[in-house]
Each structure stands twice: as C-alpha cells, then as structure tokens.
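Just so it is clear, A, B, C and D label the chains in written order, and each chain counts residues from 1 on its own.
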Amino acid sequence: MEAVKKGVYAALTTPFVRETLALDKFRENVERYNRSGLAGYVVLGSTGEAVFLDDAESERLVAEARSAAAPGRAVIAGASRESARHTVSLINRLAGLGADAALVKPPHYYKSRMTREALKSFFERVAGEARIPVFIYNIPQNTGVAVEPALAVELSRHPNIAGLKDSSGALANLAETLPAAAPGFLYLIGAGSVFLPGLMMGAAGGILAMAAAVPDLCVRLHQLFLDNKLKEAKELQLALVPFNTALTQTLGVPAIKHALDILGYFGGRPRSPLLPLDAAGRRQVRELLGRLGLPG
Amino acid sequence: MEAVKKGVYAALTTPFVRETLALDKFRENVERYNRSGLAGYVVLGSTGEAVFLDDAESERLVAEARSAAAPGRAVIAGASRESARHTVSLINRLAGLGADAALVKPPHYYKSRMTREALKSFFERVAGEARIPVFIYNIPQNTGVAVEPALAVELSRHPNIAGLKDSSGALANLAETLPAAAPGFLYLIGAGSVFLPGLMMGAAGGILAMAAAVPDLCVRLHQLFLDNKLKEAKELQLALVPFNTALTQTLGVPAIKHALDILGYFGGRPRSPLLPLDAAGRRQVRELLGRLGLPG
Amino acid sequence: MEAVKKGVYAALTTPFVRETLALDKFRENVERYNRSGLAGYVVLGSTGEAVFLDDAESERLVAEARSAAAPGRAVIAGASRESARHTVSLINRLAGLGADAALVKPPHYYKSRMTREALKSFFERVAGEARIPVFIYNIPQNTGVAVEPALAVELSRHPNIAGLKDSSGALANLAETLPAAAPGFLYLIGAGSVFLPGLMMGAAGGILAMAAAVPDLCVRLHQLFLDNKLKEAKELQLALVPFNTALTQTLGVPAIKHALDILGYFGGRPRSPLLPLDAAGRRQVRELLGRLGLPG
Amino acid sequence: MEAVKKGVYAALTTPFVRETLALDKFRENVERYNRSGLAGYVVLGSTGEAVFLDDAESERLVAEARSAAAPGRAVIAGASRESARHTVSLINRLAGLGADAALVKPPHYYKSRMTREALKSFFERVAGEARIPVFIYNIPQNTGVAVEPALAVELSRHPNIAGLKDSSGALANLAETLPAAAPGFLYLIGAGSVFLPGLMMGAAGGILAMAAAVPDLCVRLHQLFLDNKLKEAKELQLALVPFNTALTQTLGVPAIKHALDILGYFGGRPRSPLLPLDAAGRRQVRELLGRLGLPG
C-alpha cells in the first residue's frame, strides 16, 4: 500500500485491441512510466475511458496496474458510480486489488437534485464506508455538476477524504478551498494548463492527462517549481499549453492515444462512441510534439 | 414478444427496501398497472433510477417486468451505457429476458466529442447489433447532449431504430423530425406537460413518469384526444401540469415514489444520492393529488 | 390607440441602407403588410435588431410604424433597457409616439443577481410607471435569464401587465402559466414552430418572425385553428417548420431579410456584427420558400 | 492623454443618489483613489453598472473621471454597444472627453450568430475606426459569449487593439493567448481571485473590482509580486479571495458599494433591477473587511 503523496500523477489511458481490453499493452506502458519520476498513476479516469469499462474490466485493470507499478508509485483508481451503494462496493473491490485511493466524481444524472446537501451526504457515506482514502473529482465540464469550494471545505474535514482533483481550470476554486480546508488536504490540479500557477498557489501536485504522453516534461515542470526556478518553469508551462489543450479539449482522448503511438507507447484506438483521430488531428498531434522537441 | 404500439407507457419506478431491490413490490405494482389501459411499461428509465442499478439488478428487474406484465403490454427497457460495446451487450441480455425494445440515451460523458458523426456512428452500430428494436432517448436536461432533429431524421431510416422518446419538452423537435422521418417512426412524448399538444402534432404516444402515479388519467387524456374531444382533453392536460412539474422537475423521483405510497402502490425511498422527500415536499404531493381529485 | 387583441403579429425587420436606418423602406414594407390579416406589428424586437439601434433611431422607427400602420393594427414596441429607470423612460417616449404596448425583456447582464425577487420588483416598477400596457418577453436563449411560470403568474395580476410573449419554445411554460394567470392575460407564442400547439393549449396568438416574410400563411394557420380545421392546420404548421427554423435558429435575422428581398419587400443587410447571408444560406432560403410554394 | 501601462486598475462604481448620477460623490471617490498607487481607473465597467447608464450619463461620467484623475492615471472607459456602428460612435465621443482607452465586450445578444468570423469582423472594424486603443473584454459569465484564445491571438495583431481584460477566471486562456499574441499585447486579469497566478504567468496587471474597495491591498499584492516576495504575495492573494468572491460572485455590485460606504468612500445603492444588500449581506461584507484588518 502506497501513500498518495505530493507530485505528478499520470492519468493513464486504457489500451484496447479491436475494442478488447489489452492488459499486456497496458503493462508495457506502465513499465516504461516506472522509469520516470512520476509519483504514481491514475487508472479509470476520464483519460482512461473509465465510463466505457464494465466492472470486471475495471477490476482487471486495477489489478494489473498494481502489479505493474514500481514500488513507491501510488495507484489511484477512478471509482465513480451514480449510486452511493455501488460506488462503495466498487471502491472496496478495487481496494482489495491494490488501489491505494479512489477518485470519485459527484453523481450527476439527476442534476437538479444534486443539491449541496445531497452531495455532502453522498460523499460522506462513500468515504465512511470506503476502505481506502477518497479523493473528490471535480470536472464540471463533463458532469454538469460542480463541487463548490464551500462543500469541498466541509468534506475536507472527513477523516477518509484525502483531497480533491480539480479539472475545472478555475484556480479560484483552489484559492477558496485551500486556506479553509483541513490541514493535509491534498489539492491536485487536473487541468494541465494551470499546473504551475496551481502549484504556486498551494496545490500538492497534479493528475495530468498529458503526463501519460510526456511524463518527463511534467515531472521537470514540477521540479523547476520545487527548485524555485520560476522563470524556466513558466516557460515550460507555457510551452506545454497548446499540447495540453489539444489533448484535453479540442481533440481529446483519441489524441492522447495517438501521441502515445508516436512516442513508442501503446496508444491504439478508443472505444466507440469516441472516434479515432482523423488525418488533420493526427497531423496536429505530430506537429505539437515537434514543437516540444519530441520525435513528432 | 409484444410490439411497441401507439399509446401511453408508464415509466416505472424501481422499488427498494432499505436500498435493496424489492422485486415483490415491483410485481405488485405491475399487477395493478395491468388493470389500466396502459400500452406498456418502461423499466430502467430516468424514473426507474436506472443509473443506480448494476447489470445484475437491471436484468432481474426486466425479467420480473416481463413475467408480471399482462399479455399485450410491451416492456421497453432502458439500456444505456457509455460505450457501444456494453450498450449492445446489455440490450441483448435484456432482450433474452423478455424486453420488447430498448431505450438508449446518447453517450454524454465526453460531451465535446459527441459530434453528430460520433452519435450517428454510435446509434447505427448499437441498432445494427441489437436483437430488439431501439428507441432513441433524448433528455438533454440530464445528459447535456441533445439529439438534434436532423440526426433523428437520419437515424429514423435505420431498419432497427423504431422511434424516439423526447423528454426535452421542445415540440419544435417533433415538428422538425416527424415530417422528414421514415414512415412508421414512433415519436413518443416524454414530457408530460406537452403530451396533448404532442399528440396533436403527430406523436404516437407518450412515455410518462406521471403515468406511474396516475395511469388512468393519462390513458383518459389519450382517449379524449383519440375521440377528438379536444376541449376536455385540453382541460385535463392543463390540470395535470402542476402535478407533472412537481414529479419531473421541482421534486423529482422521490415525489413520484411518495405519490405511489399515497395511492396504494409501493413507492418507498430512492437510493442515495437522491434524498427522500422532506415534509414540505410530502405536503405538496398530497395537495397536488387532492387537486386532481385523488385521495391526497 | 389600438388595443392588443388576439391574432398574429409580425415581428418586423428594421431596414438599413449602408447601415443607416431607411424609414422609407420600412414604410413601404408596412404598407404592404397592411393588406394582410395581421393583427398588428412588433417593432424593435429581436427580429428588428433593436439592440443595434440607439434611442433616437428607436423613436423614429416607432413613429413611422404608427404613421404607416393601418387603422386597427396595434403597434407593439420592444422597449428593453437594463435599468428600470431607462426602460420606463423609453417606454413612455415610445408611447408618446404612438406605441400601443411595450414588450420588455428581463434585465440579464447581472445574471446571478436576477433572482425572482429582483425580476418581480423590476417588472412591477416598470409596469407601474409605464403609460401603456407592458408585455413580458421571455427569450432565454438570447438573454440567459428565464421568466419562470410562477413569476409570470404573479406578474399577471399587475393591472398594467397585459401578457407575455414566450419565445422559449417550451409549451410547458404556457401550461404552467395560463391556468393560474389572471383572467385576460394574453399569452403570445414567439416560437413559430409551436404556434399551432400553443393556440390549442390556449395561447391568444403569436408574435412571429416568419410572419414578416409569410404573413398570409401565418394568418391562414391561425384561421384554420379558429375554424377548427385541425388537420389542415397541422399540415400547414408542419410545412412551416423548416422555414421557421432557418429564420430563427440556423440562419437568423440575415435570412429573414434575404427572404424579404426575394419576396418583394425590402430586406437588405443587417448591421454589424451580424454578417450578411453567405451563398449557401441564400440558396437555402430560396429553396425553403420554394417548398412553401412561394417564388423562390 | 495617458498610456495604459502595467499595474493595477480599479474598476470604479458609479454613485447614485436616489438613482440619479451623483458626479460630486464620484469625484470625491476618485480624489481619494488618487492617493493610492493605482495605475488608473476603469469607468463604465461591470462594476460601474454601465449597462444602467444612457449615453449622456456615460459621457458625463467619463468627463468627470478625466477631470478628477491625477496626472499619470489612465482612464479606461467601458464602451460596449451591440452594434459596431454605435460602439465606434460611443468610443470616439468618450475619447473626446478624455478616455485613454476603450474596453469593449463582444456583442452577445444574437449568441448563435456570434461566430469567430463575426466577432473578428466586429472587433477589427471597431478598432479600425476608434480614435483610442481598444481592449477586448472577455466576461462570458455575463455575456454568454466567450472570446476564444485563438481569436484573441488574431486580434492582438491589429495595431489598435492594445490588450484584453479576462474576467473568466480561466488562466488557461492567458496561457493559450500570451505566448502567441503580438508583442506588447497587454493581458489584464479581471478575476481578483487569480490576480497573482495571472501575474506569475505573464499578465501585465489587473482590472479589479475589489480594487475599488481595497486599492492599497491590491497595489501591495502587485508590488510583492514585482519584488519577487512570492510567499507573502501568495498569502495576501489567498486572504483576499473570500472578499473578492463576495464582491464579484455571491453578492455582487451592491456589496462593493456597501464596502465603500463602510470604508469612507461613497457607495450608495445600485440602480434597479439590482437590489440593495440585505441585512445578512451587509453583515457578511463587514465581517470580510474585518478579516482583512479593515474597519469592519
């Protein structure tokens, strides 16, 4: 069991071969990530097409991640279901397979009923029954439900809620949450374009989609921050932004997978309904890698 | 196997006792619905808290629905997963358990990638591999992804896409879709407040949450329309609106369940994260039933 | 002074020649509209590019409308400003120039502060100080602020609030508002695709953008409804939908103006930032007119 | 004529006495601001209730601002109208009255027509005809129309577009814009909660609503950044966040005005439809000022 500590976490992709889960390809990727300075891995996240996997596939992926991850690398597992009951059940099965922590989105199907009271009750119950620490996952652009800072502050006091991943890109959330949150609450940046400013404002690290493609650059950015080399850090952050925007907004998961293919990892195709990248998208990924000095 | 025909379908609730699926209560409800003039039942819909059930529970519920439904009543099963692969797999398992048709939402997690092309490809694949007819389920207020009329028209030409349930409340969708859709395409109204005007514009019927609580009133509204008694129909439609608004917007599923409890069905509590109705909500449901002349 | 009565109102365009207000062209259009069965005209609406006119231009346009309108045709003037003070001032100047009623949008710049209480206070003050009757104008797709039915019901009791134009397309609003509103409250449909179903549910008429281009067809649709020829009415309504969608959604005001040019009215170009219709848009308008049997 | 240079700009409120523009109160406020280290003033912004003022009031306010501002303090005037024509006209009148630059929002009424092409054409025309430099004003939470980074980059090349104020709070915008923008393009942060991280990423300064209430703290935050005292800067930034959130989100302009009243400026009431702060809001403002060590 590894503790979730400060640092850079890569949000891993899930490899498929003809839409079938390819655990061997996944293991090869992780073994290569093990040679980087990443603090750990997030599996079953938005980058990992978690919503496309069923329970059995989810379990096999987490077991493989645990087995492939080098010692000292935490494995954080996305574990979101709409009901508290099935969320808890999934978390605890994944815990039994080696997950060190769970990343849980707010339920969001019944949007108009997801009041602050309902979300509070949900997260407290899930955290109370989970056997591993829970991280809240705020990604309103996908869920349509925001975890407001005031709620995050309240939930930070729960002994089994360890932190929050914020993919909203709104650093005001961090600024409203961190000073009031329980000591030790880990605020992790999920939007690669604001990783450095997030660190500057007190974030403990990041869970980054682009770290699946360029882990060394992400780790270096973090290290430049730790070394107080802010001018170089700023330059690297700005250089990474166009790449990050393509991977997480304009082109999405198919572009991350294509970048992996180019860089010698296994990327492959996403599951339907995600479409594979078209020729223009592939060209763009190649060009963006080139601008980062990588074999484009 | 029952054909999905014109008429009123009740969107059924899923009974829980202490958050455990209570199939016996479900059967009792269906047996009572069998005495109404409903054309059939939708299970695993938004009213049915489908997003809170796992695959095994979903299968047991559909099997029970099939077994409990009187002859001639179609059983339409919600069968939405984010991936085409698991959607098809679920549909075909539910088909084997007696579902007559499947109701499928557009995938919506990767909102920005759900282009018209991606949605078209998804629905065509699902319909092509499904063993029972597929109905498209448009409910953008919950999914954040709209099925545009132009896409619905294209999909209507697929031999295994039988129709569309529109819960958006925007009758312009119907007006833009129906005249251009393939002959026989069944347009079902999912927003109870516009059931009658939808029928007037050519809808084949409705899948109504309020029909779980007041099936006879909904069937009567449909019959008044068929009998061309439009003045009475309009009055009944308008009388049903405040009740429908409470059940589907302001109070939601917990209110439907509470209404069922009052009316002698089994309602019970929703699963977490939905909160049970508070005292004010319970009072409101009772009062709205009273206004409809029902035992409030 | 003309009373606003039941019927079809055309939302008029504002003609420009090289971006300068062309009152002579406006008068020629109105004189031709006078030969139709329209109940009256709305000037300074969304179709009229009201947001592009300053106070002086607005006043000249209303004066010209009054002078050009045949006896018995009401002139309703859009009169929206963000502040109550300037809204009242504008309404009363337009009243002095002959406007029979004012159409007022909810203020919407400070969206998060436009609570029900703030909107209620705004509309009550405006109506209380206005010298002509006020119609509420609900068009949330443009303003981002919805006038909820419960608020409309409350406001309907104000002696100087005569009705509401609903361009949202959501007939549930009508169904929630009309039965509870004060007697005589005029509910006018602003979304041409649901004009007929709106009438069927109790609307008093419509304020329609497409009526600027095809007034006779809109008047005929209304008459078919009044004559209880619902089958023919439904067919005409459905036939009008694609044209209406192009004019109000996909192509917008520039398409209305282009249709006018084709049909022998003066259309002309919109003011910047609206762009003139491109070749594909022009072709589409011509084809849609052709489908309606008009000289395309 | 003052150049717009790097630094902190206060977004000024517009004083009213019984809803009438109170220029004497405005002058007294500015004279006190002159004793601070502010780089200049923004009048007719969102904080200034610009949407509630007519043209004549707008002109008098800018003239007064010019006359009251100490030498070296730039006066930036909000100058947004929906049409290019009236925007240009207003800008040039305000220029004649002493405005050093204009802050222009994208037109946003015809949301669906405000394509990138339409916005580009609008801003290029406005900038081309304006006699003073133009700043783009991105505030999608109020307008519903975002100025995308790619558009901002294109517009940055126009010789009379001097910069952009971004109130979205999304620093990814800055990171996507600045590295690609024309040299010298001034990126000004409009969201007080991310002022410091914005500076760290290359922003030239800020236009801050809270600077109307606490100019010295905002100037000090900027100075700490310039002096590379990042730890103290971070602490001050975090301390300012709850106050900023109340002023710009939860309570809005009425809270800014109430804070001014407490701090010895003239605040007063907003114009209708903004409601004055209720007792709970007033208590909250007082308490937040107390937490900043100010006479609460």
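Criterion: contacts are C-beta pairs under 8 Å (C-beta built on N, C-alpha and C of every residue); 3 or more make two chains touch, one makes a residue touch a chain.
The structure presented is a predicted model; accordingly, all values stated were derived computationally and were not measured.
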When you check each chain against subunit B and subunit D, which touch both of them? A, C
Under the over-half criterion for shared residue numbers, do copies subunit C and subunit D use the same patch or different patches to meet? same
Would you say A-D or A-B is joined by more C-beta pairs in contact? A-B
Using CA atom averages as chain centres, what separation in Å is found between subunit A and subunit C? 49
Mind checking the centre-to-centre distance between subunit A and subunit D? Centres are C-alpha means, answer in whole Å. 35
Touching two or more other chains - residue numbers and ranges from subunit C: none
Classify the inter-chain contact topology: is it line, ring, star, complete, or other? ring
Every chain pair in contact, whichever chains are involved: A-B, A-D, B-C, C-D
What residues on subunit A touch subunit B, complex-wise? 19, 46, 49, 51-55, 81-86, 107, 109-115, 117-119, 121-122, 125, 141-142, 144, 249, 252-254, 271-275
Complex contacts: residues of subunit A adjacent to subunit D: 169-172, 175-176, 178-179, 191, 193-194, 196-198, 200-202, 230, 234, 237-239, 241-242, 245
